[in-house]
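After the structure tokens below, expect a handful of questions from me.
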């Protein structure tokens, strides 16, 4: 119809859509799903890294990790705010997470087993996230694109910190280097899966690209990530766990081995090492915080009432 | 002389470090996301302060121990924090009550330390004081919200206050080290902060509809001399695991 | 060849050690004093078994590591216990369900190991089997009491069973080490114990009015290869603190 | 009256009083207080030592400590049974502990701060307990005297183990020896206080001695303990923290310094380092175990009913 055509014309023209603008229901729904999934990923993503804050091996590393996890909470908050501009409440979003209706990135269903995992998450997981998110800084929905600009700036900082952590391990003892190698082996394939299924199997993509909600395809992004990351692994002196990985001079890209999509789908379905624990941790935090939120609300109400009363008097 | 100053710096550094370690356990598990951010903020400030105090302590000691050697290489008996900060997180009320009782003292202590005759202590205190002003504002605010919130939150906070109260007296203890340093104008007399602290805590309790426990109640002692509660050993076992399991390497 | 046997002994020893460590945390905090005694009993048996398995492992390895070097000197990635035994205590239902699922397997495993072609393994298994017969009797009994007790205990135990079920599949995993040892008649084929285990667990669940989760449900793996859950690191940090903080001394 | 005279005559004659025998109400009350206090001490006493089971520094020491704490649970159970013969239920006894109506030995209100404390408890606390309890093996009430025989046998084993633990530390590194010295310094005076107030201030004593519930005075027992323990400390190479301690050749005993009874009374009143935590730990264990006990009872009832039903059929 005419509205939709005008809407698409604005997007094609490179204009931003704002919260008060008319938008097709599908656009709104897709954005809510995508933004809230992203927000949930930030919040759930605090858990695997949070697991090592109390055990960070130096005070400086402890402060860096703590600041990073704090940034993730901040990202979660911007993103919930961006989603709220589309007419869903934070309560609703949180409830969707806790009941399993909403998803979060499967990568956070893997455990952090050693200190090197903190480095691997920064380097690979934040690295993949940035790769996914940089195009979104140009996405058509204003509040989302602005949130992404802020998020990306901090994420690239996190990525460097993660790499620096691994660099210290790789220049350290044999045990430390083995720890780093083990982390790369466990996180490499899950990181590649973060870009989603192969383009051939990907749903929603064409429409999302037309709406400029998705700007590059899964496979394009994955290739960019591999091309960027492999030399970094070499510099660390670590071996990427892929026998088929090699530079293809013809393509000007790295060829890499087949991804085990059955694992991806299993984890997505709930059968990853930590799916249940992650959700349970969030649910418990929320349930145990219920009385705190109720108290804060009751206090605010009382004082708002007192305020009205004194203004009326 | 340096012995007393070394002790005093450990006390300041260990208070900050141990409390920060406790707060770290909340991150990702708080009642609202804004609180995860706020707790992380306070913990970050405290870790930063701990680093400054412990680094200075290590330099004064002159035995080559840096901030990490002191944080990760001492067993519980060599820690000098007050018992209050090592108490378990408990529920949010207990975490907030612990923070408030500490912040009110910490703010007064740092204010006095900005006039220390040791210029480096004065400078660290001045930096920390700005941060701790915010901590105290925040914990006071939560005392009000929980104390004057719902019946449940009031009961929880009152219980937390009563549970932790016996650890507050130690903040004002003085020993021979304190006497030496007070004389040299390096630290304030611990006891001199007590009246102001009681007044401030009392005022917040009143505003929060809480009953402040008896100022003259029996108090626990010993943390500042290295006699801790049974909790500290567990906290350190977790915190120090990596440097102890992989000694002598860089991270 | 000895590599496979070393791995197998670590698996047996670490299962016993890690489960015992979990049970130790109950002592003094159980629901009735008789249970504190019973838990201590089971833990004592398991520590004794762990010592025998680990001492033998150390001898086979031939690098001078004794039971304590193996128990206290390895980080999580070198532990070979199944994920089931490292799961947190939770409430008493979770502790009992964990114990029962493990005991039923442990009993079958040890029974088979009494016929091991390695005489020392057979002897240790024979000794342990007597103890574990009692463990299984006791945990089965508690499955009945909690499953067929009150509505609350039934719900708690059913929830615990469902929560832990995904860690039960690993008991029957086989890798290259197992293949080698099965061929040599040293250990039973893990898979060969599964039907009997399912039957026994099923029978107890039925008697306890519990619903046994789906035998073909998705299962977790990795503990036997050193890929653990996030829980093990904390358990070891506490357990290993003293030998790591004071290295190279006798206790 | 005649009953009381006959009762006293039996005691003077060295006969044992059994549960079904007549006894003066004061005798019963004193015994219930004393036995239950002893039982509670065993149960609460599991906590300070239990604090180090998960952290014992070798598997052998872990097993020894665990077995010891298990013995204490066993002692608690015999003693509750002995008290039950006097007509109080276990429920009532436990409730008295949890509400603070009943006491337990104040020694367990001190924290175990290092591994050496486990040795010090075995050596000093069990040592003092044995000193107190050996005479009780001859006490007039049969069930109590028989429980004491069994308890004393195990306690003396525990004492040797504690001493052996300290011996290992004292023959170890400087740090280990300092740990042992520190433990002796913290536990010495509280151990001396275990014998109770000086005879001059002790209530109940005369009547209890006549009834053969108490066979030696507090000060006699304390002197015996000092005389036995000081040479043991010397053998360890540890310094007893008492400047006034010296051998008195005239008396044939050690003289020792004044005990700080204000500390004793403060701890007794509830103001020790761990009073609140010990009681709280017991209360929480009991409260959290409520549903387990209820389930066991419901199961037993159901099956007893089924049994009756099948017998009737």
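Read from first to last, the chains carry the letters A, B, C and D; within each, the first residue is number 1.
Here is the rule we go by: a contact is a pair of C-beta atoms (placed from the backbone, for glycine too) under 8 Å apart; a residue touches a chain by one contact, two chains touch by 3 or more.
All values derive from a computational prediction rather than experimental measurement.
K.L.:
Go through C-D and A-C and name the pair with more C-beta contacts between its chains.
P.N.:
When A-C is set beside C-D, the one with more contacts is C-D.
K.L.:
Any idea how many Å lie between the Cα centroids of chain A and chain C?
P.N.:
Each chain's C-alpha centroid was found; their separation is 37 Å.
K.L.:
Express in whole angstrom the distance between the two chain centres, defined as the mean CA positions of chain B and chain C.
P.N.:
Centre separation, chain B to chain C: 41 Å.
K.L.:
Which whole number of Å gives the spacing of the CA centres of chain A and chain D?
P.N.:
58
K.L.:
Where in chain B do residues touch at least two different other chains?
P.N.:
Residue numbers touching two or more other chains: 75, 233, 237-238, 241.
K.L.:
Two or more other chains in contact with one residue: find those residues in chain A.
P.N.:
Residues 55.
K.L.:
Got a list of which chains touch which?
P.N.:
A-B, A-C, B-C, B-D, C-D
K.L.:
Taking the touch rule as given, give the residues of chain D at its contact with chain B in the complex, in rising order.
P.N.:
Contacts found on chain D: 48, 51, 55, 111-114, 182, 186, 266, 271, 273-274, 276-277.
K.L.:
Provide the residue numbers of chain B that touch chain C in the complex, in ascending order.
P.N.:
75, 233-234, 236-238, 240-241, 244-245, 247
K.L.:
Give the list of chain D residues in touch with chain C in this complex.
P.N.:
These residues of chain D touch chain C: 43, 46-47, 50, 53-63, 66-67, 69-70, 73-74, 76-77, 80, 115, 165, 168-169, 171-173, 175-176, 281, 284-286, 288-300, 302.
K.L.:
Touching residues of chain B toward chain D in the complex: what are they?
P.N.:
75-77, 163, 166, 218, 220, 222, 227-230, 233, 237
K.L.:
Quick one: which bits of chain C touch chain D in the complex? Just the residue numbers, please.
P.N.:
Contact set of chain C toward chain D: 17, 21, 24-25, 27-37, 40-41, 43-44, 47-48, 50-51, 54, 67-68, 71-72, 91-92, 144-146, 148-150, 152-153, 156, 238-239, 241-243, 246, 249-251.
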